[in-house]
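Worksheet: the structure to be examined is printed underneath.
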Amino acid sequence: MQEPSKAAKPGDLALLLDARGKPFLVRLEPGGRLHTHRGVVAHEDCIGRPWGSVVRSHRGEPFYLLEPSTEELIRYLPRQTQILYPKDIGYILLKLAVRPGRLILEAGTGSGGLTLALAQAVWPLGRVITYEVRPEMQALARRNLERVGLAEMVTWRLRDIAEGFEETEADALFLDLPEPWAYLPQAAAALRSGGFFGAILPTANQVIRLLEALPAHGFGFIETVEVLLRPYHAVGWRFRPADRMVAHTGFLIFARRLLEPLATEEGTLPSALEEEEKEEPHEAFQGPV
Amino acid sequence: MQEPSKAAKPGDLALLLDARGKPFLVRLEPGGRLHTHRGVVAHEDCIGRPWGSVVRSHRGEPFYLLEPSTEELIRYLPRQTQILYPKDIGYILLKLAVRPGRLILEAGTGSGGLTLALAQAVWPLGRVITYEVRPEMQALARRNLERVGLAEMVTWRLRDIAEGFEETEADALFLDLPEPWAYLPQAAAALRSGGFFGAILPTANQVIRLLEALPAHGFGFIETVEVLLRPYHAVGWRFRPADRMVAHTGFLIFARRLLEPLATEEGTLPSALEEEEKEEPHEAFQGPV
Amino acid sequence: MQEPSKAAKPGDLALLLDARGKPFLVRLEPGGRLHTHRGVVAHEDCIGRPWGSVVRSHRGEPFYLLEPSTEELIRYLPRQTQILYPKDIGYILLKLAVRPGRLILEAGTGSGGLTLALAQAVWPLGRVITYEVRPEMQALARRNLERVGLAEMVTWRLRDIAEGFEETEADALFLDLPEPWAYLPQAAAALRSGGFFGAILPTANQVIRLLEALPAHGFGFIETVEVLLRPYHAVGWRFRPADRMVAHTGFLIFARRLLEPLATEEGTLPSALEEEEKEEPHEAFQGPV
Amino acid sequence: MQEPSKAAKPGDLALLLDARGKPFLVRLEPGGRLHTHRGVVAHEDCIGRPWGSVVRSHRGEPFYLLEPSTEELIRYLPRQTQILYPKDIGYILLKLAVRPGRLILEAGTGSGGLTLALAQAVWPLGRVITYEVRPEMQALARRNLERVGLAEMVTWRLRDIAEGFEETEADALFLDLPEPWAYLPQAAAALRSGGFFGAILPTANQVIRLLEALPAHGFGFIETVEVLLRPYHAVGWRFRPADRMVAHTGFLIFARRLLEPLATEEGTLPSALEEEEKEEPHEAFQGPV
């Protein structure tokens, strides 16, 4: 993981933004060159410069030298597949209790966007174990995490999860694949009791199939949400929502692995309460504050 | 930070959910008792039981014994003020590059919801320094973080930030107070060059004032977004959006501390591109993948 | 239909709003009395007074005397069932080309909210024919339209549409019932070629079934949308979205009755283009402007 | 207004959709020809054909012959300015009680999209009076309404409303111009007591100025909303929200012209209740149902 520093160093990932804000993500190395429509930026003009400085291309055009945020690392990740969006990833981390020291399973790896965020969040004592069946995807994801110095937090498995996960006591498990309902026995076997389950799916048809399948495999307190990011024109004298937005990336489904499925008042495994019905926070906590 | 474990231990925070999903958050201690409308649950019936188990009240009513997620810890935090919502916090963590080892400033502390998430994310080598002027709020937030074992990651400052922050090289800084535009000199002085700035504000009027003030203090690449969480009825045979939702918690404003403010093509500090205009990710990265 | 007038007359529907904006909808009649928590308002104190006046209860509390908008007439309609929301109705009127002179079919009638809007929109030469199987619902809807003077625009049929519609050349047809896919042969028989079809459904499961069934019955150019109404605090010095909102009323499905179903490039009846793909308006029109 | 008919006639506006759904709006005339990338369609091949038929270009490519809906007429209107969207117009019609027989004022005319919907809704006894200062815009809007046979419902005024409206007893008035707060005295003078006021504005800054100005000019029960249209992929086996959407067209502001402004409990003119606080409908109505 790139350490915070005052100035850009060789090997750092740098975000160069031109005067209009167009982004270029580069790994700085002596002799490296970034080619843009506004001229060539020599990496050596960046190395040693404080973050937040302006560097200039050979044509004199200014570029801002910035350290990429996690959001930018994910958004600008080299990729071959649709990646999870930061808006979704941020919420997933909180819902799955992804914390230092945890053991997190993921399938499939894809281009590694979520893998990156998971690895950073469990650092330094935890572990992410990610399954992928396509060797070229795994290789891409691994390079993506090597580039940000997080590959060593990850165990890379090239394996079809239809054969099961090798782990049995994962704290959380996330499925980003088209038919998660087909792998619920494997998921239930890999998660410890009480563990956190998550999945993302683009269509309502897929969500319906997953929601129907989850209770039979010991999952309860099922929730489904969408996270929407509404961008605004960030200009003080004409503040307004942007004209267009990404309207859908996927439905997020969360559930808990229960040890003892139980008939509830409605005759099934418990569903999560609607947001509105949930107990007010200050009432939820009991005991000495 | 509560370590993952198979079974509930004394001192653990436990989430007890009744058969309808109504939540109770308790700190388990020998002899403790949880009083609910469905009877009394003895903590000793929980201690030593695997997470995901069912325990019963003295009236025989079932309660699920679960480890709280980060999202639940925040949502059910004892509080006296409106807290940031998990949907917002998850995104803030990625936008401010809150990672292990980082130095993060926050003002005001409030009930400590964001403080908790920040402390967990910078663990074990980083530091959160949080400013608050109301002693009773600071005390509440500190108790909230002690309860989850994260108080030692935080430096608690009881001080008006009008007098300035004591730090000068913070990696990121978040303002959750009504008039953030009044503290931009202090914020700029506390952030290292290239550092990450964030704020949350409920009204458009406040956002407009902040957007107008930011460029004059060396902040650029300003973005404003809202994060919306749309809940669904998570029932397979009648899957649909929930009838009502939380429609607004706040506008999120993000910016970068620049070393060299620069006239851009539009004559001001650079604005962030609209989502749509941003370079496609695979084009943004240049160099050996 | 209540005619516009300067002052309230006997027989008019009046909206009385107390000083906090709490609404009371009354039909003014000599001797009538409105009982509220802020006292009794005599109808005779309203009759003859200009709209926009203040009248006072026997306790001296002020009430604003207003003519109800169409939106308020629908929203405050006496009802026994969930009604369509004005946000949905306004869009339906434009999508189904509900205009003066048109013949519109509706099933079921429900409490008559949509019926009211349809009847007003086809006035004076058109006709709304509405089907309902529950006599008490039909009676309520009829009273609701009599109250606003629109009942004579409507033909009220007490009949199960499983037996078919009596009409064969309707310009548009709207289904507000739980299983619209079961009545598509009847709907296709009742609509003229090229006619407009619409439906509203609360769950994704229902939408999926309808979308699957429509093409086989000669319907094409199928579209599905949700209309969301985001309310704001309309206060100048702290303008912001309201805290909560109605998040879902129903999915709206629209289609056209085609004379000649045709294999398209994707092998099925044509789907409507996504919003984004649609031709830009100025390009769509050809010929002398 | 184009009358409903079984078959296309000379002079009709026809919507021709190719096999992918790409729209072409044409006015049918003997000898007319529509040129497309899929070949030329002779108008004479359309005239006399039932709506919903397939006609073919000289290359044999199919086109569906459809009568345009009101939504399509507005969306495909030849224009030089941004027009109001159908999602907004439908709601405006209900909020302003635009009904047959009403007198509606509008400024500015723009390309005539709202004018068209207003004229259709007040037909045959009402009147729309629309103000515009740019002669070429007025000419375009007039041609647009002539094309759909609604121009005779409209009085076209080429005049700056800073000089006031000529009318004094309008039932409703809508302002679609950048600084509506500058014309509130004129608007108040033109509206009858109790009349309906509406405006659309793109930025929060403008809304704030209008909200601040309205109470001083006798307007009360002020509301602000956004109408959002969320499109879906209307395909049964993979039903899901569309990837992108129009995220903002404008804020809608509504108010009522009061005869007697009155101090309320909060010391100002009454504000509309939040959606949530509004009286439940069945409680709002009092009297014999």
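Which chain is which? They are A, B, C and D, in the order written, and residues in each are numbered from 1.
Rule of thumb we're sticking to: a residue touches a chain if its C-beta (ideal position, glycine included) is under 8 Å from a C-beta of that chain, and two chains touch if they have at least 3 such contacts.
Just so you know, these numbers come straight off a predicted model, no measurement behind them.
Looking at the partners of chain A and chain B together, the chains they share are C, D.
Should one ask which of B-D and A-D has more C-beta pairs in contact, the pair is A-D.
Interface chain C/chain D: over half of the residue numbers present appear on both copies, so the contact uses mostly the same residues. Put simply, the C-alpha centre of chain A and that of chain D have 43 angstrom between them. Rounded to whole angstrom units, the spacing between the C-alpha centres of chain C and chain D is 17. For chain A, residues touching at least two other chains, in rising order: 204-205, 207-208, 226, 230-231, 237, 239, 242, 244-246. Chain contacts here are complete: no pair of chains fails to touch.
Against chain C, in their complex, chain B makes its touches with residues 202-205, 226, 230-231, 237-248. By the touch criterion stated above, chain A contacts chain B in their complex at residues 1, 3-4, 6, 17, 19-27, 29, 32, 34-35, 50-54, 62, 64-71, 74-79, 83, 86-87, 89-103, 117, 120-121, 123-124, 140, 143-144, 147, 169, 171, 192-196, 204, 207-212, 220-237, 239, 242, 244-246, 251, 253, 256-260, 262, 264-265, 270-279, 281-282, 284-289.
Within the complex formed with chain B, the residues of chain D that make contact are 204-205, 207-208.
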